Structure formats: C-alpha cells, structure tokens
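The data blocks that follow each hold one structure.
Okay, so subunit A shows up in both of these, paired with subunit B first and subunit C after.
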Partner chain A sequence: MAAVKAIKSKDKHIQQLAAIVGGGRSILYQKEDLLAYDCDGFTIHKHLPKAVVFPKDTQEVAALVKYCHEHDLPFLARGAGTGLSGGAIPLNEEVIISMVRMKRLLSVDMENRRAVVEPGFVNLKLTNSISDKGYYYAPDPSSQYCCTIGGNVAENAGGAHCLKYGVTTNHILGLEVVMPNGDIIEIGKDGVADEPGYDLLGLITGSEGTLGIVTKIVVRILKNPEAKQTVLAYFDKVSDGSQAVSDIISSGIVPAALEMMDKTAIEGVEAAAFPVGHPKDIDAVLLIEVDGISAGIDEQIDEILKVCRNRNVREVKVAQDEAERGRWWANRKTGFGAMGAISPDYLVQDGVIPRSKLPVVLDRINQISNESGLRIANIFHAGDGNLHPLVLFDARVPGEIEKALEAGSACLKVCADVGGTITGEHGVGIEKREEMRFVFTEEEIAAQTDVREVFNPKNLLNAGKLFPSPGRCVEVKKEMKASVTS
Partner chain B sequence: MSLREMDLNQDPACATQSLSNYLPKDHPDENKWADCVHCGMCLESCPTYEITGQEQHSPRGRVHLIKSVAEGKLELNQFFSEPVFACLDCRACTTACPADVDVGGLIEEARGQVRQAIPLTGWQGAVSKLFLKGIFPKQTRLNKLGGLLKFYQKSGMQTAVRKTGLIKIMPDHLVEMESIMPEIKQPVREKYKNQTVIPAKGETKQEVAFLTGCIMDVMFSDINEATINVLTRNGNEVTIPKNQGCCGALHVHAGDRDTGRKLAKQNIEAFKDADKVIVNAAGCGCMLKEYPELFPDEPEWHEKAEEFSKKVEDISKHLHDTGYEKPKAEINKRITYHDACHLAHGQGIRQEPRDILLDIPGVEMVHMPNSDRCCGSAGIYNITNPEMAGAVLENKMANVPDDVEMISMGNPGCMLQMAIGVQKYGRNQQIVHTVQLLDWAYQKEDGKGDL
Partner chain C sequence: MVTAELLTELKAVLPEVKITTEENQVTLFPHTEEQIAEIVKYCQEQKKTICIIGGGTKSKVGTSNERVDINLSLSEYTGIVEHTVGDMTVTVKAGTRYEELQEYLAQHKQKVALDPSWPRDATIGGVIAANDSGPKRLGYGTARDSVIGLRTVYPNGKVIRSGGRVVKNVAGYDMNKLFIGSMGTLGVLSEITLKLRPLQKCESLILLSFSNGNLDEVRRFAVELLDSMMEPVALELLNPAMAEKLVEQNAYTLAISLEDVETSVTYQEEFIQKLRPKNAELTILRKDQAASFWQRLYTAAPSGCDPDTSNENNAGTVALMKIGVVNLSVLEIARECQLLSDQYSVKAEAHGGLGTGICQVILHGASEDVAQSISRLRVFAAELGGYGIVQYLPESLNGKVDVWGERPSYFRLLEGIKAKMDPSRIMNPKRFIGGI
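Presenting the complex of A and B:
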C-alpha cells in the first residue's frame, strides 16, 4: 500500500477508505468535489455520493468492498459514467468505486485471438491498439470513444455492428470479479469459452453492477474483415425505409450494420459538429454496411442498391473512400450528443421491437410526441429492431422533466405492446425499473431478485437499480412463500 | 417516495441555495451550457482527465460545475476555482463535442467570475499583476524585459547563474524555462519602428497588417523576421501598425477580462484600416478571432469586434489560400508536426501548415500520433500549474517519433514547452516554426543560410 497522504475528513469511514487507496488524490469526499459525480449520462436524477475512491488494482477494490460490506456502507462501481440509464447514480449515498485508473491493456494473444484488459480501459483504445496487426474488438457502442469495457460488461453494451457480430456478452471469455463481500473470484478458464456448469459469464455480463465488480476482462478479438462497403440511402417515407430494411434481411444478407435515423434526428446531427449534408426534407436515412471476405461484397452491395430502388429510395450512394465512410459514421455515432444542438436536454429510450412493426411504432411515438408537446427524434439500430427514441426537453421549464419521463415511458409501453421489450443495450438502471413491469410479472421479478440475493445478500452493491421498488416485490415474495408452505 | 421526490429532497452541496451564485457582471452564458447533454464524448480528449481520471477535471465535469454555480449548488470558492483553472484551455473538447459546446468560452467566463470573487493576493497576486498588468500590455516595458534577458545572456550572468549554483534555488520549472530560453534578438517592432510599411518584393498582390505578438517579438523575433520575409516574397505589402498591443489571451485565460477588453479595443482600433490581420502565433490568432466574446454587454464594441475578427488569419492559412512560391532549395530533414491547440482545435487549421512543409523539397514528414494533443504550455499554464503541465508534457513527448530531426509547429508557447520537453527527456530535436522552415528554404535558394 502506498503512503497515505493526509486528508481533512473527520469521518472514520472516509479515513479508512482513504487509507486503503493511499489518500491524496485517490479519494474525493468534500461535498463540492462530489458534485461532478451526482449523475452519469442519464441526467434526470442527481444524487451525491458519500465519497469517490480511485483504486489502482484488484486488491484495493477488494479491500474497499470488504470494508463497505463489513460496515454496511452502500457502494457501486463506475466507469466513464456514460451510461444512459443511470446505473452509476448513487441513489443511496453510495461510495463510488471509480475504475478509471485501472485502465491497462494487460495482454494481447493474437494466436488465440483474445486480449486481457482492466475494466477502466476505453473500448475504442483496444481496437486502436491492435488494428496495426489486423485485429479489432467488435462491440462498438456509440460512446466507444470514451466508455470503458468494464462498463460495457456491466450493461452488456451493444452497438451499431452488433447486428452481425453480437453484443458484449458474445465477446467475453473470462472475468475476474470482486464479489459484494470482497472475495475475488475468476470465471472462465484461460479464456476458454463455454465452461461446463451454469453460464456465470452470461449472468454477470449485463447484471448492471448489482452482482459484483469486474476487475479484469478477457475479451475475444477479431481479424479485420478483408473488405467493407458502406451505403447511405435517403427515403421520403419512413415506411419505405423500414420495408427496405426488412427486404435486405430477407434477401439473406447479414449486414454488419443497418442503421436508421428519422427527420428530427437528421435535423439534430446536421445542426451539430459532424454534419454530412443529409437532405432536410427526407423522412428517413439508412446507413448500411457489409463486410467480410472480398468475394461477394460487390454483389451484396448491388442487391442492397436494388432493394432500396424497389422501395422508392430518393438517393442512394456508396462511400467512395475510408474518409467518407468515417464521416458518415461520425455523424451517426455522435447522434445522441448532437441533440444538444437542437435541445437543452434529452432522454433517450432503448426499446426493442420486431422490425416489421417499425412504421406502426413510429406512428404511435409521433402521437406521444404530439400529446406531450415534446419533440421526439428516433435513432434506430434497424437491423436488430433496437429503437432509440430521444425525447427532447428543457429541464429549466417547470414540469418538462416529468413530461419527458412520461413520454419516455409511454414509448416503452408501445414497444412492449407490439411484442418487443424495454431495453436493447442501455440497461434498466434506475430509468426503466418501473417499466420492468411492462414485460415481467411480479413473480418473474421476484425470481430475479432472488438470484441477486445469492450474490449480493446485503444489497449494498448498487441497490435500487434494475428492478422496480422493492415494496411490492417483497409482498409478492411473502405471498409466494406463504403459498408454498401452505 | 418516488425518484423525483427523492431528487428534490436533497440538500445542495453548499448551504446557500439562491438562484445563482454568479456575480452580476459578465457571467457565463447560459446558452453555452444548455448545449451540453452530459454525454461524455469529450472525456478522452481532455489531457487533465487523462491524467487525473476525475470528472471535475473533465470538460463535461467542468461544464457541470459551471452550471451548478448558476443553480446555486456551488459557490464561487476554491472548489470551483481549482478545476476551472486546472483546465489547459486546449479546446480539444470542442473538437470532440458532438453538440459544439463552447467549453473554452465557458471556462474563460467562469475564470473571470472567480477572479472577481477571489482576487489573487500575496505572491501570486504580485507576480500576476506585474506580468499581466505591468509588462505584457506595455510594449516598451516588454522590450525592456527582452533587453534585460538579452543582457542576462550576453553579459555572462547566465553562465554565472548556471555555474554558481544560484540556479539550484530556483523552482524546477523556472530552471527548465531558463535553460531553453532562445537567444534574444532585436524585436521586429523596434527594427521597423521608423518604417511601418514593408513593401512586397516584386509586384504587390495584397496589403496585409501584421500582429507581432509580445512573447513572439521578444523571444522569437527571428520568427517574426521570417514571417515578414515570407510575406513580402509572396507579394504581400506588410504594415506593422504602431499602436498594436498584446492580444490579451494571457489575461483572458487568467480571468482578467477587463484588461483583455482594454487590449482588444486597442487592437481593434490599431488595425481598423487593415483588410487582413496576419498572425503567426496560434494563441494570439485564436484570441483575436474571439474578441466578440468579450463584449456581450457592449453592443457597439461587439459589432466592431465581429468585423475585426473576420479579418484575422493565421500565416499558414493565408499562404495556403493566397498562394506562395514553392521553394526550390532542398532541406533534407525528417520533420514531425505538432498541432498547436489554438490552431487545430481553436481555428480548425490542420492541413495548411503540413502542406507548406510538404512543399519544401527534401522534407520528409513523419507522423506524430495524437499530434493535436496539448503539450502543456497553454499560455502561462506551465508556470501556474507546473505539475500538471509536466505530466501533460511527458505524455506529449512519448508521442514524438524517435528518429526525427525537427518538430515544427505554429505557436511560441508550444515552442518553449516542447524545447523543455526535448531537453528534459534527453531528446535532440530542433524546435522550429513552420514559417521559419519555409523562410530557410527561400534563403538557401538565394544562396544564404546554412541549412
């Protein structure tokens, strides 16, 4: 342990936590210093943590967790804080364990196509570190420039290219986890996938920081595709655009990415920092990418162009070079932040729907927008039916936060009603916990909190996330137990 | 209790909850922070976040705090002052931001508020007053300081200080500065004090006015000389307006917006007859272009500033846009290019200086990874925040390719800082201004110079 630098707090917990991480700049505890940690990428609810600590290795994380466990201090882990469902917001005055200083790339094993990273390692840096050798890390959330792989594991993050390559869980081969009592465990043997027994990797990945704190991650890396082509297509009608999406998939092509933006979203990205000149009067733009071995790529592109033309595309073009492709993707991937250019605040939803229901769902969302008086932009991973309605509002106007929350919830209800679900990749966090009831019965929710109890019996780790407020669940459980015993 | 009720039941971080804790005069522009949706795309672009990993030292964290003061959650105290002044003002976040949030502008406005609320006292206050109010705004005093430095170098005092161990009692970062101080020569403003118009060589294609800068003219008058040579050689008649002064960037960075405004007015007046104002220091150019920001409450000056800022052009952009003679002599050097923050992020000028270098026969350009990452100079940041500046410099130097002979750039502050880096990390690159290289190529072509 490093020499502990003096701190001013008289709080004995703060002093002890400081001692674990060496004090000085490895802990924040004064209220003013904690302000910047009162929310993550989800800004509607703001709560101050008790402290923020910056451990440098697994041992320090374990010691911090053990201390919190023994002294009944609520705690949670935080990466870059770019989450969109509030998973890192300290609702219960938690001690935030920030993982950002554990940001090393520990090893790369080209032969077995895997890499080992610390949780604070930034997603895109992995690809950047191995691209010269012809490899990359596939999951590419739009925030990949700055989000951490640890956070990606917690949220089971997706991304534009997950249509073909799968989400984070499909790329995790092993984890080192600090359990909520401070024990350190390893899951996955030397990066060999699919160990016998229960799929604990699958359980931990996407558990939103409620089952343990990941301190080391073995990820799968992929060989760069031999070839890649990207198409941009403009449609006058959303229905034509979404039909084109269905047609592309039914033609047997599995695009690497198939993205859609609607009119309001286009207005946002064009007003922001990375415009590419989309026409303002179109209803939908599709961004389609195919990749793989060179042979056959051109045929796939021809087929895609044909499909688009059959669906009355106004204009369709293929990226002429890497620079153009890069501009198109920068425009799309900064889409959420770009909303700042047309609105002071936004709330992004994350519904999943059957692709065929898109025109209906967009109509209903449009209705919700009209009723609430708030504009809603739609950015859509069209290929896998993952819809992101962005509710635009101004938190300074009294009552708009509540309206935005209602509108967001109504959008999710629509998704659930057409046979979809309430989150594809952003997680439930605190944002969608009540909406869990749209898709799960009380019993199903209780079954899941039972699982949590096995790992996190004191519920000190990231409490209040992922599941609806416990009151009703507890009652249900009591009833269930009663019914079993009787 | 619902989540919203929980949110509203909290105490603010500070005891006082009034509507805004800003002072009435010149407060940060609400519309600037309203653009920020807290997405975090700026995080990795920020050198101070890279080093600390702490939100309050990140762009969105600072914007969050600036907003918190307006919401009455935070007071204008040291907890606000520290993160706001630890910002390098490098503007990398404005390049990264999807919503074009003007973080740099917000930071400068916030610093103005901090300095109104907590004036610097004691040693810091005295030094700041001496330099920012006593020396930089007054050309004659600046020249005298230059003269003193020159005397220090020529009189043997420098040798004496270094040999006697007197240097050991100076703070480390000042020792570093002293050791890389370029040889002080005659400032061009003195040289041309009786000749304010320097004719073009050959046919006059356009008339331009030249801002000589203060540090540039004292520390690097040879670069100013090179700039004049390059301009006149390419058909520019160069005027050096007499009443021009320091651009005020250092003052505005330090939160002294009143002096910044005074200097801005002085320069707007001094250059009122010019069609184009040529600048060879990225930091100055950026400041001149941002003069309108200084006059939110003075519409008349705001308009004048708008007009003025349109005339301002970096030398590399000017040469690129108006054309220049490609040198014929070869300079056989391996060169890497460092993007000064206030050129790349501040003015969007990236390719033009590189094109100039590539036009010099014999030059071999070597790519520098993260070339637009701050070097830690950041005006006088390396003097006010030596520890952070040192850490930023260390990261920068790690990106400088091993086998290059020169590092080219377009800003005097960077040149001093990179020279410190070269010395501190045992490297041997020569630090040059892009225009200097072009001038050397011309000189060589004319049979002068020794490159």
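Presenting the complex of A and C:
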C-alpha cells in the first residue's frame, strides 16, 4: 500500500476529511491545486472551494457528507465539471466531493435492458461498452465523450437524439443517493418500475445536486435501431428552414434528431476542426436523422426530401455511409467550441420555445444582436424547440461581458414570453437563477424550495443554486457583476 | 358537522357550484379552476377533508375506511384548453374523459401515447394522478414521459404551475413528477399539458399461443425478440386464464403489438413469423380486430364504477393487484399465479410486460383465499426484488389487507413532502402508501 501522504494543513476539518478518504492522496486543499476547481463549464463566475475530496465508494461519500452535515460545512458534488450553468461552482467555499474515482460500470443485464454505473462513469463509455452486443445508452449530450452519468442525472441532461428518445430522466430506472444528512437511500432498486410512493426518482433527476448526492445509477439501455439515415438540407432563408422543421413534425414522422444551425454558426463550424464544406452563403442548415425498422425508413426519407423541396431547399443530400454521417455529426456536436474560431469568447444560452414559434423567435434574437452590437450564432435542437443562442464577445473589451450576459438574458426572456422556458438541458445553476422569475411566480418558486427543505433542511448541499434569492434580486445582480469583472 | 348544516354552509359560501347529496355524502361539481380553488380554500380554512373523484374507475384504489367530508368531482370540469397541432402538445382539463380526448386528437392524426385501463370512463386527471399505464408502455413510456406541464390547486387553495408547454424543460425541479401517481394526496390536478405522438399509420397484433404450457420456451422466444432490432410497442404475456378470458384460448399467450408505417409493420410480422417456435400457434389481427383485443384487455380488470364487478356475490369476490418486478421476472409471476390457483382455489387472471416488468393480476375466489393470495404474491414479488400493491379490494376485505404493502426505507421523505404540502391532511387522507 502506498504511503499515506502527510497533510500540511493545520485546518482541523481538512485533516478529518482527509482521514475519511484515506489520507492526503485523495484530497486537495492548497490554493494552487484548488484553482482548477473554481468553476465548471460556466467560466465567467469563479470561486475557490475549501477542499476537493475524492471518495472511492458510497460509504466514503456518506461519511464525508455526515461530517459536513455535523460541522455545518457547505459541500457539493462534482463530476467532470462540464456543466454549462455553474451548478458545480463553490459559491460558498464548499467542500467539493468529486465523483471521478467512482467510475465503474458495475453490471450490464442485456436481457432486462439495464446497466448499473457509478456516477463518475463517462456517458459515452457506456455505449462503447455495450455496442458490440448491439446496445446503447440513449442520452447523448454533446460533451458525452467526457461528461459523467452522475452529472447527467443532476442536470437531467439532454442531447441531439432526445427528440425521439427522451432526456436523461426518461432513462433512469433506479438511484442510490446519499442524503444531505449522510443517510443512504435506494430508489427503484434493481430498476423495477413504478415503485409505490411519490416519484423521488423523477424529482431528484434534474435537481442540480441540491437534494442529494447520487452514488449509483440504474439506467435503461436500448437496442440499436436496425437502420439509420441522415439528411443535410441547405436553405437560403431561415424561415424556409424553420417551416420545414414544422412540416416534418406535422407529417407524422418522429425523427431521431432534427438539428438546425444559422449562418453565423455555420461560419464558426466551418472555421473550426471539423468542417464539412457547408456553403458559406446559406442562411440555415438542417441535420435530420431518422432511425428504426429498415423497411420503413425509405418512406420517411422520401417524405422529408419532399417537405424540404416544398420549402425551397437549395440542396438536400442523404449521407452515403457511416463515415459521412460521422463527419456531419462531429461538425454539429463540436458547434459550441467551434465559436472559439470566430470569437475570443462566447456565452451559450439554452431557451426552449414551442416549435411553431421558431421564425418569430429567430427574428427577435436577431434584433437583440443588432441592439447589443454582439453577434449571436444559433445552434439548436429544432425538433424539440431547444435553442442555443451563442452570444459572441470579447472579454478584453471593457463592458462586453455585461453586454453578453444581458443579451443572453434577453434571449431567454423572448423564449419565456412566447410560452417557452429558460433552460431545456443545461440547467439553471448560477447563471439563470434570476431568469427563473421569467417563468415562475414567487409562490411557484417557494413550492420548489419547500421540497428542497424536506431533503436538504440545512441547505448545506449546493446552496445558492437554481433559485433566485427572495427579494434580493438587485444585490444578487450586483454581486454577479462584481464577481464577473473581478 | 351534520350533512344538512354543511350543505347549507357550502351553498352560502359557494353559490355558483353545483352540489349533490347522496347517502349523507356531499359532492361538489366545480366547472372552473377558480371554483376548484375556492372549494379547496374553504376546506382548508374549515379543516374539511376532500376526496377527489374523476370517472370513479379508481375509487377502490388505495381506499381506506376514512370518511371524508366532501367529494370533489371533476366530472363536469372538462374540455380541451389548447391544442397546438404543429407543436404536438395539448392542454386539457382534468375531468375530460380519456377516450374523448383521444377521439378529438385522432381527428388531427395525433394521440396521447398512454393506454390506461377503462379509457371510456377514466378521466385524464385520474390516469395521471394514479400513473396508470398499459402494455404499450414498452414502446411509448408512461405518464412520466408524456406529461410536460400541470396546473395544480394546492391544499392551500393556490394554483401552482409546474413544467410548461414545451417538450424539453429543466427550469427548476421537475415538480410534475411529484404529482404523477400521487393519488391526489398533494393537490387537485386542474390542467394537464401532454406531449403527443403521431397516430400510427398501421397497427397489428400478433398472438402467439404456447399450448404446451412451456414457459421456458416463451422466455427463449421473448429474449430473442427483445434482442432483435424489431420494435414491438407491447410484448405482453397473458397467463392461460387471462388468454381464455380475452381470446378464448386456454394457454400462455404473447400479445405483440406493432405500430408503424405499413411496410415496417409487415416486415416485422414476417420477422416474427420466422422466429415462431414450432409448437406455438400464431394469429395476426389487424386494425379493428387488434383494437378490439386491447379494448377487452383494458376493461378486464374490475373498475370502481362498474356495478358488475363491485357487487360481491355467491361466486366469491374479486381483487386486483399491480405487481412490479424486473422485466423477465414477469414469467415467474405468471408461473406463481398458476400455483396459486391450485393452492388456494382462486382464479388468477394475469398479464405482464416482458419488456416492462409491470403485471396486472385479477384474483377471483372466496374472500379468505383472495386475501391469502394477495399476501403470497406480495411476498413472492418482494423475493424477486419487486413489489405488489392492491388496486381493487372488495368491501369484505376492506381494512383487512394492506393495499400498499410495506413502507420503503425512505418513507421519511414521502411523509415529509406530504407534511410540507398538506399539513392539515385534507387531500385524499390516508389514500396512499403508509397512510399518507
């Protein structure tokens, strides 16, 4: 056994926490080590944690939580840190409980279509582990090559293919959870459905790490579809592209994915690592995928081609092989990062609108771009109305961060005003706390914090996330600006 | 307060609301959400208990001997609030009958992708509050997967929205999930927003009968089908008694439902025909014939509002259980149901999804035997890692059988949620697990 690394800190809590996880190799507490944990994928807001601990199993997580609970130490759980709304940022100098050592695939049961994973297990690894038998795990966030399933559960992560297959919550059958007081509970044991009682499985999924720490996950796995076809369609006018989206959905087809990018987004992806030769002068590209029984696919593809032609498509093509399909998807899935090729900084937003409102919302976002003087690229899961406006800015220019935040918030207001919502898959986190008021009344927010109180009465677990502070709206905005500019 | 006094007071406080009294029980029939809220607010102030009623099909689900002060019937609170065809979402008032909603949506070639029991009588509010589902949940999921937004009248009389009208939404906690399956113990569902699916272009039902009674053969076939790339929307095992009731064939029978474009359905039919074990008999039903089979299955179980099943007679009594196990353990439940009939002289009609793990068991027999069978099945399900709950209990066993079974280890949280949301416990008191 490796020698126990000595703890250089005199802090009693650091020493105790280190003892729980077996010594100095499983804890970080010095400033230079903590810097890497001062934010997640939402990078314009930074705070240092008190310490980062790396438990190896549920028992250690429970002991850490119990210690924090008894000593009133704020704490939170972190996976790969890919979250885009700041859910894993230690606002209150939290002890970060990192789940990355708990990364085993515990079991796979093909016959009953379930698998059990630890929370630190990487999303794509699950599909890779079962693909030789023809199975896969459906939720596919763009960060799936590195994000963890535990984090996916916390955020109720989506992905391009959730149009047909649903988001994370539709694929979670059971959870083992360490409650904020250190108790361990099991919900949906063995993945048995409809366990009697209130649906805690559904409530905890998407609670952004504020109701408990997930330590084991039973997920549903699916059989690969027999056939898959992917179509790329170029439109000279955004309005034609969005009409085509509506027409495809209305024709009775449920595509596996239906993605759209606008002109600015196309400029970004073509300048980045995975260009596929989209024409530079078009206004919109649609990426459409249908899957299912081979015998039924051609019929659906014909229908989609017909719809696109009726909507004045400039060019439409079907992927000739898996390699071509792969290139198209890589181009799309790296779309956010690709903005780095055309702008020093960018802010991702995540509004959702009723599909039929797409043309009007795009016009309004265009106006916001003109008014703010910042370019806004649009990448979206058009089939389910989930927009990702990417506000492009330069943090070195004084005042641009604030302008970008305001433009992002204005985009969410537009989504809320047409009957939509402020986040479809990235979560509220820190970023959209105030925007919660665009969609919920104070009473409706209180109804949610009431539930949190049942689970997390001391509010030591991931405090300050998800909900606006009652009546402190002005101060919070000031604080947000202060921490952004510092 | 005696009924007459309560009636006088209600008439004074709620002059607009229709009120009836029958056998000393007051029932209110609100027409608007405001009226529901007024009623609940009144009950909260006066500490009157409420029983929420939709179509009454589940009036025997989770019943207790608790007498409530007021029945709140949503049967006159009906209609579509908004249907955006292009968005494939619908918002509907809770008292709307499930079948009426589906008939309306069918005009637009759309549907709610749920197949609950008693679709003609059940209301959408009741289906959601009880989280009812049918065999096609294999392909389409359950209420958890379809409900995207709710308006709920809280026990304090305030209307709280959860979710929204978009198909993807992670703003705040997923509060919809709390109400789905909560048996009306947390509030009155008022408006329900659902995501829709296109109506299938073609539907087919394959019945595969295993007359040699060999469940291992059923298992081999099912595993092979599930491991193929076919996409059945239901793969339901009927035990011989259930098959007898539905298709007059006393043998283990698989009901395989296919819904897609016609070329795909035909292709899958051919695939399954090739996969058919030699000893199994295969029948294909299309369109109306398939629909009629499902209709028979959806109405096979006793309903709280059907006088034929609610009256006990000399032939004995009837009870209904829902059992949840790991998917393929449904085969074990089916086997156990056969053993039961020998041991307790009950008739157990059972069906369960081999891709879902959810079974429905109808038990007929003398009330003592039925009670024994319930506890035996519950223990058996628990040994398989599952659970069994009673969804319909005859009068003679009321109070003698625990309908929800043991409390889960995390019961504290369920109790905490109830205490937080309904501290005076006026909503459907003691209707849910552990006396919540």
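What we mean here is this: the second predicted complex is superposed on the first by the 465 of 486 C-alpha atoms of A that agree within 3 Å, B and C clash if a C-alpha of one lies under 4 Å from a C-alpha of the other, contacts with A are read in each partner's own complex, and residues count from 1 in each chain.
Here, contacts are C-beta pairs under 8 Å (C-beta built on N, C-alpha and C of every residue); 3 or more make two chains touch, one makes a residue touch a chain.
Computed from a predicted structure; not experimentally measured.
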Aligned on subunit A, subunit B and subunit C: do they clash or fit? fit
In the superposed arrangement, does A:Asn312 touch subunit B (first), subunit C (second), both or neither? neither
In the superposed arrangement, does A:Asn366 touch subunit B (first), subunit C (second), both or neither? neither
So, does A:Ser294 touch the first partner subunit B, the second partner subunit C, both, or neither? second
Thinking of the overlay built on chain A, is A:Gly337 touched by subunit B (first), by subunit C (second), by both, or by neither? first
Let me test your reading of the model: by the given contact rule, A:Gln59 touches which partner, first (subunit B), second (subunit C), both or neither? neither
After the superposition on chain A, what angle is formed at the C-alpha centre of subunit A by the C-alpha centres of subunit B and subunit C, rounded to the nearest 10 degrees? 140
Would you sort A:Gln16 into first (subunit B), second (subunit C), both or neither based on which partner it touches? neither
Quick one: subunit B or subunit C, who's touching more of subunit A? C
Closest approach of subunit C to subunit B (Cα atoms, Å): 19
Subunit A contacts subunit B in the complex at 25, 28, 30-37, 39, 41, 43-48, 52, 54, 80-82, 91, 98, 100-101, 103, 120, 122, 143, 145-147, 272-274, 334-341, 343-346, 394, 396, 401-402, 405, 430
Of all residues in subunit C, which touch subunit A in the complex? 84-89, 109, 131, 133, 141-142, 144-145, 154, 158, 160-162, 164-178, 180-182, 186, 197-199, 201, 223, 226-231, 260-261, 263-264, 266-268, 322, 324-328, 355-358, 385-387, 389, 404-405, 408-411, 413-414, 416-417, 420-421, 432-433
Contact footprint of subunit C on subunit A as seen in their complex: 110-114, 134, 155-156, 158, 162, 166-167, 169-170, 185-187, 189-203, 205-207, 211, 223-226, 246, 249-250, 252-254, 292-296, 299-300, 352-356, 381, 384-386, 419-428, 432, 436, 439-441, 443-445, 447-448, 450-455, 466-467
Applying the document's contact rule, which stretches of subunit B touch subunit A when the two form their complex? 3-4, 6-7, 10, 13-14, 34-44, 52-56, 58, 61, 64-65, 68, 73-74, 77, 79-80, 83, 96-101
